[in-house]
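What follows is a group of structures, each given as C-alpha cells.
Next come two complexes built around chain A: one with chain B, the other with chain C.
Let's look at the complex of A and B:
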C-alpha cells in the first residue's frame, strides 16, 4: 500500500534500470573485452545479455509472488522477520559497497582526465551536492531524473558514429577466430557489465503497470546491449586489435579524433557530461541503500540517512587514499557477491517459491 | 530560551490581534438612532473622513442617518441615488417599503461588525430610527486609474488591456474572455487588518479539485495583518520558499489569465493588485508569451527555441568562458585561442574577477535604469554603455571578449518573457560562475545537475514543476519548444492535471479527404 504513493511510470522504470547498467564500466569495457577475447569480444556481450535478461525475468517472476513489497518485504513475508532483517543488512552492505566503489571511480576518472590537481575529497564533496538533493526525495523523483538524463545525454552517443569513417571492418573477421573458449572467458566480464538489473527487486512495487514489468526490463537490458555493442564495435574497428589494449579507457580516447571548427579535445566536454550518465548509476544505488536502511529500522522517511551515507563516503575517502588499482581491486572483490545477488540468489529464490506454492497447493487439496 | 520567548511573543501578538475584532462580532444595533450614532462615533473615533448625514425620510417621516467615508464612496451615487430619493421622493403606492433608492445592490444587516466592514470598504450605511436593521448601499468609488496597456508584459498582437488595482474590474476582464457558466469563483479574505479580498477563478468541470483544495487550504491557513500585493501573497503560499524559481505565475494580462483558465489552471485575482496569480505553474509556462499565439506557428516556434537557448546562455555563458580560459584552454582551436589571448593580453585579472566586475556593473546599471525616471534612465544607459564598452577595455581592466560575453548574457536574460524567471536566471549565473572558477567544466556539469535536481523535485500546488520535461510527458511537448499549429493541439496539458483533457476537435481534413 505504502509504495503506491510514489509510483514510477513504465518509462521511468526502464530508464532507471538502464541507467544503473550503463555507467563507469562502459569507459573501460572495450579494453577489457579485447584483452580476454580479442575482437570477438562483442559476441560475449550478446551472451552476457542473454544471461542478464534471463536473470531479470526470473527476478520479475520472483517479485510477482509479493507484488506490493520490495525484496525485503518478500523475504520477511516468506521467511520471517529476522531473515528479512538479515536480507536488508546484506542488501545495504552490498549496495553501499557498490555505490561507494562507483562513486569513487567516478571521482578518479574526473581527476585523471579533467582535474588532475584537485583533491579527491573535494571533488566527491562537489558531486555529493546534487546527489543529496536527488536521493533525499522519493523514488518518483529519482525516476524522473533517470528519464530526463537519458534523453538529455542521448546526443553523446551519436559521436561514436564519427570514428566509423575510418573503421576497418576487417578487424572483426574472421568471427570466432580463436574458438569459443576466449569468448566464454569474456562472458565472465560481460555478465558483470549488465549488473544493475537486480535493482528491479526494489523498483517492482513502485511500478504502476505491473504487467509490463517483464517487457520493461527486457527493453532496458536491450538498450544497454545496444549501447555496449556499438561502442565496443566502433572501438574494435577503429583501433587495431593490439592497439586497443594499450588505452585504459578506449571509450574516451575514441573521441579524441572528433573535432569541430570551434571545439577541439571533445573528450573533456564529453567526460564532464558523462558525469550525468554515471550519476544515473550511482543515485539509484544510493537511493536503494538508504531506502533499505529505512526499511530495516521500519521508518517511512529515508531522507535523513542520505547525508550520513554521503558523509561516510567522504570520511572513507579522506582516510583511505584512493587509486585506480585499489578501486579495481575492490571492484573485483565485489564481483562474486554481485554474481550471487544478481544471478544465483533470484534463481534459488524462484525455485524455492515454485516448490513452496506447489507444496502449498497440494496441501490445500 | 530564545525560541521560547519568540513563541510567547507570538502568542501575545496573536491574542491581541484577535481582540479587536472579537468585541464586535456578536453585537447588534439598537433600535434607537441616537444610540447607534453614538456607537458609530465610538468605533470611528478620530476618523475625520467619516461623514454622518442626519435627515428625515420623506416617505415615512422617520429620522434617519447616512454614514459613509468620504474618500471611499462615489459622491455622485450617494447624492443622486441615495439622498435625493430619500429626501425628496414620496411614492404613495408603496407605503410599506420605506427605503426607496435607485441602486442595484442594497443589503440589510444588523451586526456591528458587518456594518463596520461595509463602511470601511466604501459602502454607505443608512440607520433609521425604530428599526433593528441597517441598510448597506453599494456606493463604492475610490481613487483608481483607468485601464491601460500592460507595462512589463507588453505584446504585439494580444489585447491591450492590463489588469488594474480593482479586483472586480479584473474579474470582469477575465469573464469577457470566458462567458461560461462553468467559470466559478470562490471569494476569500486575507489579513486581519488588510481585509484583502481574493477571488479564485476556475472552470469547475476542467480544473482539478485537489489542486483547488490545496490552494484554498493554503490561503485559509494565512494569518497576517495585511498583504499588499499579489507577489507577496505568493511568498506565503508557494511550495518551496527557498527556491530561486517562481512557483506561481504572476501576470497582468487578462488574455493570458483567461487562456490558462481554459487550460485547467486556477487564477487568483487579488484585489488592489494589478497582477493575478496563476497556479499550478510549470517551468515551461514562464517561457510562453501571448505573442506566441498571435504569430504564425513557425515564427512562434523559432522564438520559443531562442528563449530556451537564451535560458542556457544567460546561466552558463560567463561560467563557460571562465571554465575555458582558466582550465580548458586546450579545447579551443588555436586560431580562436590566439585572438582571445590577444584581447586578454593587457588584462591583469583572472577571468573570474574580470567576469564578476562586468556582471556586477551590468546588474547595477540595470537596476539603476529601472527606478530612475525615463529621461535620466537614458543617460545612465549611455554612460554605462560607454564606460563598459569602451573605457574599461581601453584601460585594460576587462577584455573585449568579456564585454561580448556579458552583453550576450544580458540580452539572453532579457528575452525571457517573465520577469520573475528572468530575475531567477540572472541570479543563478553567479553560483555557476563560482563553480566554473573552482572546478572548470566539472563544476558546470555539477551545477547543471544541481539545477536539474532542484527543478525536478520542485512542485507548484502539489503538481510537478518540471513537467513536461520531468516527468516526461511527450503529448505536452506540442506546446513546448515547437508550438504546433493551434488546431493540432486538441488536448489540455497533463501538467495542469485538468479533469477534462479534451479542449478541441481537430476537424481539419486529412489526406485525400478534401
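Let's look at the complex of A and C:
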C-alpha cells in the first residue's frame, strides 16, 4: 500500500497530534478561561480534555474500519467516489482556512512582540521558506520535525515555574465559586483548545503499530492537558482574578517578570522559540491540506501544491491587511466548522459504521 | 538555469531581511534608568529622567533632565529634544512618584503606556518620594555610585531584610486592580542623603492613605508571610523606670528565624472576623538588661505582649483608613465567598467594621553566646 512507504512511529504520532493541539491558542488561553469562569477555568480544561479524548477514541474506532486509508479513502470506500471527492474538498477548505488563520496569527504575534517595524508580508514570506522545505516532504519528515521540536522546546515550560515564587494559591479558592454554569461556558472554549486531534483521520494509515493508536492519542491529549494546566494555573495564581482579563496574552506577559542577571525581556527569546511550537501546528495542517489536494486529484506527489498554497497565502495577506481583530473574527467563524468536523462528524460516522456492519452481518447470516 | 534561479532567489531574500536594518549602538542610546513623575505648585505634571553618559569627554557619568509634558509618552518628545541619543525606556530601573501625585485619586492611569507598550520592563521598582522629586533627582554625591544603581540597591537590600517592598510595576498593577487588597510601595525621602523612609499605603483608587515607618513595615510584611532573608526587631520589654534612660536599658533585639502567620476568616453577626495567629522562632541577639530581671518565660510573655500590641495598633491604623494592604480580602474571598462578593467593591469599609483578633506566639531558640549577670 502507498501509505506504508513512509510510515510514522508511535512517538512521532503522539508528537504530531500534541503539536497540532498546542499552538497560538495557548498564548491567550488563560485570559479566555478567566473571562468565562474566573479562576475555576482550569476545571473546564479537564472537562474539555474528557470530551476531546472521547472524540479522539471515536476517530480511532472509525479508522479501524478501513485501516489502510485516510478518512477520504474511507468515505470513498463506504459512500462512493463522489462523496469522497466532496469530503476531500471540505477537508481541503477547512484545513487551508485554519492553517492560514493560524499562520497569520503567528505573524501578528511576532510583529507585535518582537519585530514591530517589519512588514507582515515579509515576515510571512520568511516563515514560508522553511515551511515549504518541510511540508514538501512526506509525513515521516513532518513527524520527525514534530518530535524534534517537542524535545527542543520542552525546557521552555520550566520558565513557568519561576512566577510561582510569587503565586497566591488563595486565588483558586473557593473551588466552583459560582456553580457549574460558568465552568460549562468555559468548556465551550476548551473543547476548541484541544482541537487538532482530528488530524488522526489522516495519520492513522501511516502509523506503524496500529494497535497503539488509541493509547497514543490519549497520551497526546494528556500531554496537551498538562501543558495547558501548568500555564493556566500559574497565570491564575500569579495574576489577581480581577486583573488577569486585562492582559491579552497572559502566557507571554508572565515571562516578562522572569529576569536573570544576564538577560532581561525573556519573553522575546521565549516567543522566538515559540515560533517552533506554533510551526508544529501549522506545518502538519499545511501538510494535510496539500495531501488532501493530491488525493482529490488522485496524484501520488503532493509537493508541488505546497508552493501554491503558501503563495496563495502570501497573496491573500498582501491584498487583505491583517489585524488581530480580523484574525480573531476568522477564528470565531471557524469554530462551528471545527466542532462539526472534530466532534460531531466522527460520532455520526461511528454510529453509521456500527449500524452498517451490524446490518451487513445480519444480511450474511 | 535552475542554479541561477536559486542564486537570484537567495540574493533577493537576503536583501529583504529587514530586521537587521535598524541597529542601535549603545553609545547612541540614551538609556533612561530613572523616571520621575511629580506635580509642580500649579499642578502641572513634571517628568524627570536620569541616564548614564557613554562619552569620554563628559565629566559626569550621568545627566538628568526635567520637562513639563502631558503624558509619559509625550515627555519622550521633549527628552529627545534635550539628549544626545534616542531616549529608550526599556531599562528604567526605578520609577519615582512624587507624593503630590499620589495625593490625587486618579493618578494610576498615567502609567498606561508602561503596561500597553511591551518594551517596558515590568520589574521597574515604583517608589514614593516624600517631598519634591527634583531634590532626589539632582542629588549626585561623589562618594556614592550612580543614583539609579544606588536607589535600586537600597530598595533591594531592604527588601531582603524585610523592611521594604520591591513594588514592581507588575505588583502595583495587581494590587491596584485586586479588589481584596490595596497597594503599597516603598517610600524614600531626601534629608541630607536619600534614605528609605518606610512604606506608603495607598487606598483602592491609588490615593495616598497612610505612611508606615520601617519597623511597622516589617510587621506588615510579617503579616503577609513575606519574610525574606532576615528580620530583626528591637523592642522595649521592660517599663522605662529610669528617668535618664540614655542607654535604653529596657530593650531587646532579636532575629526572627521563622515566622508563620495563619489567618482564619469567619463571618458572624453581619461582619467579618479574622483570627490572625503569628508564630515566631527567634534568636536573641542583644539584650541590655541582666538575665535575672526576666527569666525565659517572663521574657517570652513580655515580647509576645509588646508585639501583639504593636500589630494591633498597626491593624487599627489600617482599619481607620479603610484600606487593606495585608490582603485579608483574599482570605475572605477564598473562605467566605458569598459574603465577600456582596462587599467586594467596598472591601475597605467592610474590613474597617470587622473584628480582627491577633495572637502572637514566641519560641526563643537561643540566647546568644554570653550570659550577662
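Note that in this section the second predicted complex is superposed on the first by the 365 of 365 C-alpha atoms of A that agree within 3 Å, B and C clash if a C-alpha of one lies under 4 Å from a C-alpha of the other, contacts with A are read in each partner's own complex, and residues count from 1 in each chain.
Following the convention adopted for this analysis, a contact is a pair of C-beta atoms (placed from the backbone, for glycine too) under 8 Å apart; a residue touches a chain by one contact, two chains touch by 3 or more.
Predicted model, so just to flag it, every value in this text is computed and none were measured.
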item: First, second, both or neither for A:129, with chain B first and chain C second; value: both
item: Partner chain(s) touched by A:256 [first = chain B, second = chain C, both, neither]; value: second
item: Touched partner set for A:115, first chain B, second chain C, both or neither; value: both
item: Chain B versus chain C as contact partner of A:147, first or second or both or neither; value: first
item: First (chain B), second (chain C), both or neither touched by A:265; value: both
item: Touched partner set for A:307, first chain B, second chain C, both or neither; value: neither
item: Partner chain in contact with A:7 - chain B first, chain C second, else both or neither; value: neither
item: Chain A residues contacted in one complex by chain B, in the other by chain C; value: 115, 118, 126, 129, 264-265
item: Chain B to chain A touching residues, read off their complex; value: 327-328, 330-333, 336, 435, 439-446, 449-450, 452-454, 456-457, 464, 466, 469-472
item: Complex contact set, residues of chain A against chain B; value: 9, 11-12, 110, 114-115, 118, 123, 126-127, 129-130, 133-134, 137, 140-141, 144-145, 147-149, 151, 261-266, 268-269, 272-273, 275-276, 279
item: Parts of chain C lying in touch with chain A, wherever the complex brings them together; value: 13, 16-19, 22, 90-91, 118, 121-123, 168, 170-171, 173-180, 330-331, 333-335, 337
item: Chain C-touching residues of chain A, taken from the complex the two chains share; value: 112-113, 115, 117-119, 122, 125-126, 129, 166, 168, 170-171, 173-174, 177, 239-240, 242-243, 246, 253, 256-257, 259, 264-265, 267
